[in-house]
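Below are two complexes that have chain A in common, paired first with chain B and then with chain C.
Right, the complex of A and B next:
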């Protein structure tokens, strides 16, 4: 009797998920496999189309670049924040989070202002004589990447600060007394110990970039489609719900594969505590 | 000049309050010295200055012929054992111990040999492939020690290394540390707040208070002849009373009782102190001309091997430990005798 109670508690949530998430999802995905007979034709033809494949590759490429850049920029920043006193840490965390309080449309418009033909960046470069005619910065992959880094860097930093502030500072000092310079101690000790945070943060950044819609829509334009914007175009502009469903499943599967991949990496690197004493 | 020299070291974090003031300390090669004091006295700060983890605002630090004041931590070649042990959680015992050697770019075979040797010496060879999380407190402590020793450091710095161990393990570990230190002849600084631990292990003890060294002597000397009231209090002297000098070895208390001592003080007004264990109690007047006071038992506490009495006398309350059975009851009139060789002037 008592064993059934946990299932009973789960029931409302489970019913909600099944009715409002699983059933709609399956009803969208199912027709892409079953059209009288079971086949993967719609997926095969999606990837055979070079335009479609190009969008898929661009999405993966942009997500990887954004994730790597967020790690490169975020790890030292997070380490710095984690090392400050509690008072400063609170302030710096608030500043890190501050952009996230603004709507992502507004944040993307800010980048349009900065990167446009007559934007701040071009005007600045022209005024100091580095360029003679304005650079095309907006509506490129570059602007999507910049916008996404700006969007997702705080998430990585916040995840990492949480992990790094729990690393005993004496461990770093111990490495130094054993002959490691600050940088070496950081690479050999702090970095490996931050792997769990880097993994979690990277998954959030990668899947976030992969599924983000506003930023690639506003900063990428029609020539630099990502899967998310392509999906929207198919569903809403072209009314092609089947192709939109195909893209949706591709995005879901890609996300799952990436998460699994990151977890495998994490398990390989982070061996400690495998067998607890 | 001594092997290790700290000269006029001053450390201040905010520019106003000095954590260490004009601290001077010297050590001979192969010595084990302790920094003893209550928390906040500056003993750990002193150790961190030696390690290079804190740069002093003033003063110099030399080892042998080299001035190390400005040399960064990683170039000093000192082994340090931290209170938290600070083992690398992502590395096995073997990798932890080999960390310093690997950084020194020694040959792989040399590293393996040295690591194996120190693992055997510290009785850790069975745990070489384990992670710190899988070890007991005592084992972690030995890993920390092995990791610090394997780099053959010029100085070994121990920051309360035994404070996280249980009482029994603490005693066996301190004997172990002493044995290894002797065997390797390594100059060692040991930070502790535990008086017994410190006396049993050290060649010399620096008792610290408020950022200064109050006394730097052998453990025996500190135990027998504390130089200041702080040192005396810290090592178990509990009775303090004012004395006025009459002659070289003759003093009077505030009520005029004559007190003879074997010591002498330069000053006219001084303070006499004696351990509760060293005062004698008697029910009858000894009829001796000096060092005897009449008093009344106010509090009686059973300590196990003895009783502790709080005796009210004309010079204030005195604590006395006495082993006589059945002893005295509260309200008893007694005579307190202060043996002249046990009375210290501070």
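Right, the complex of A and C next:
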């Protein structure tokens, strides 16, 4: 009798998830495979279309660039935060958390102010005489990239600080005492120990960028569609539910592949570490 | 540790990158010019007044509050007992069930929104509001399972066993022994789930219609056609809200424990 209790407690959540997540998903995706006969035709014709394929490639390209840029900007910053006193660390973590908890519409809107024709960046560049007419920065792939870096950098920093805090500072001191320069000690000692954090953070940034809707919608414009905005357009504006469902599954599968891929890299690095030791 | 000037400058630049855009929004909320201008001319509070006079902002703010509160409460009612069951011994397929509970974080938000819209609203003809509520419940549940679950894992269950031995029923022991011990993590998970639900766009965007539009959706549609300091003023108000909620989390569980 009492052994059944945990399952009874879990039942309401499971039922809701099955009815309102699993079944809706299957009911949307199943027709893309089955139309009288079982086939992959919807997917083949989707990828054969150069416009669709271009959007897929853009989404992947933007996600890669954003992830790499977040790592470049985030790793040293996280290292800096992890090395400060507990009091400072708390404050800096709160400062990093604040943009993360701020609505993504606001964070994208901030870049409309900065990158627009009469925006802050163009005014600044014009006033110091670098440009004579305003640059087209907004509604480009560039603005999606910068908006996404802005969106996801905090989450990478926060993930990394958690890992870097646990690295014993004495290891770094030992490396320096033994003659390594500070940068070399950082690259040879801190960076390898931070790899697990970098992997977890990269998964969050990559899949986040891959599926973000607000930023490409507000900063990309109609000519720079990403999979998420393309899905919305197909479903709600064009009424093309077949393509919308195809995009939905492509997004899910790509997310899963990216997660598996990063975890595979993480495992391989772990194994190499064991062999070294 | 010795002073690391290069590193400090780099980190300083990154924080400038994170905050200058938000500071510029804040400044533009006070300019007198009817389109956004930076630097601003003059100084006024009229755009803040305009936010409160805008009926669609106020309506969608109330709708957002209602949806996020109901959805996170539902997620708490279903999620806390589930998280508790998942930390008990002898539950078969525990890790599988836990991943299933956390799966709404893996499925892209636009896909959750789209499939709910198609299945619930179009096929089953369930009212839009119910669909919106269910969508927000789905995205809130993982926060409860994760935050409450990790605090339950650290709880010493022998205190609960003592209560059973002393004659308390399992239900009573759960209410009077377990719940008070995890109350701060319940509060923190509620806050996190609430903020996330309140800020959500992709799910809300699909599940909106006449009279049903959350504040971020309304704001987003507004931005597509308007470029004026009212947006800045509303942004400032929302950022103030975020600061207050962060302060509350810090005072209860501590921000460091929830991230």
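Here is the rule we use: the second predicted complex is superposed on the first by the 258 of 277 C-alpha atoms of A that agree within 3 Å, B and C clash if a C-alpha of one lies under 4 Å from a C-alpha of the other, contacts with A are read in each partner's own complex, and residues count from 1 in each chain.
Criterion: contacts are C-beta pairs under 8 Å (C-beta built on N, C-alpha and C of every residue); 3 or more make two chains touch, one makes a residue touch a chain.
Because the structure is a prediction, the values reported are computed rather than measured.
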I'd like to know which partner A:193 touches here: chain B for first, chain C for second, both or neither. first
Considering only touches as defined above, state whether A:168 meets chain B (first), chain C (second), both or neither. first
Look at A:268 in the shared chain and tell me whether it touches chain B only, chain C only, both, or neither; answer first, second, both or neither. neither
Counting residues of chain A touched by each partner, does chain B or chain C come out ahead? C
Under the stated touch criterion, which partner chain does A:111 make contact with: chain B (first), chain C (second), both, or neither? second
So, does A:181 touch the first partner chain B, the second partner chain C, both, or neither? first
Applying the document's contact rule, which stretches of chain A touch chain B when the two form their complex? 168, 170-171, 173-181, 184-185, 188-189, 192-193, 270-273, 275-277
What does chain B use to touch chain A in their complex? 51-53, 72-80, 82-84, 86-90, 99-100, 103-104, 130-136, 147-148, 151, 157
Seen from chain C, its contact residues with chain A in the complex are 1, 4, 7-8, 10-11, 14-15, 17-19, 21-22, 24-25, 28, 36-38, 78-79, 81-82, 84-86, 88, 90-91, 97, 100-101, 103-104, 106-112, 114-120, 123, 134, 137-138, 141, 170, 195, 198-199, 201-202, 205-206, 216, 219-220, 223-224, 227, 231, 235, 238-239, 242-243, 245-246, 250, 255-256, 259
Give the list of chain A residues in touch with chain C in this complex. 2-3, 5-7, 9-10, 12-14, 16-17, 20-21, 23-25, 27-28, 73-74, 76-77, 79-81, 83, 90, 92-99, 101-107, 109-114, 118, 120, 123, 150, 153-154, 157-158, 162, 169, 182, 210-211, 213-214, 217-218, 228, 231-232, 235-236, 241, 244-245, 248, 251-252, 255-256, 259
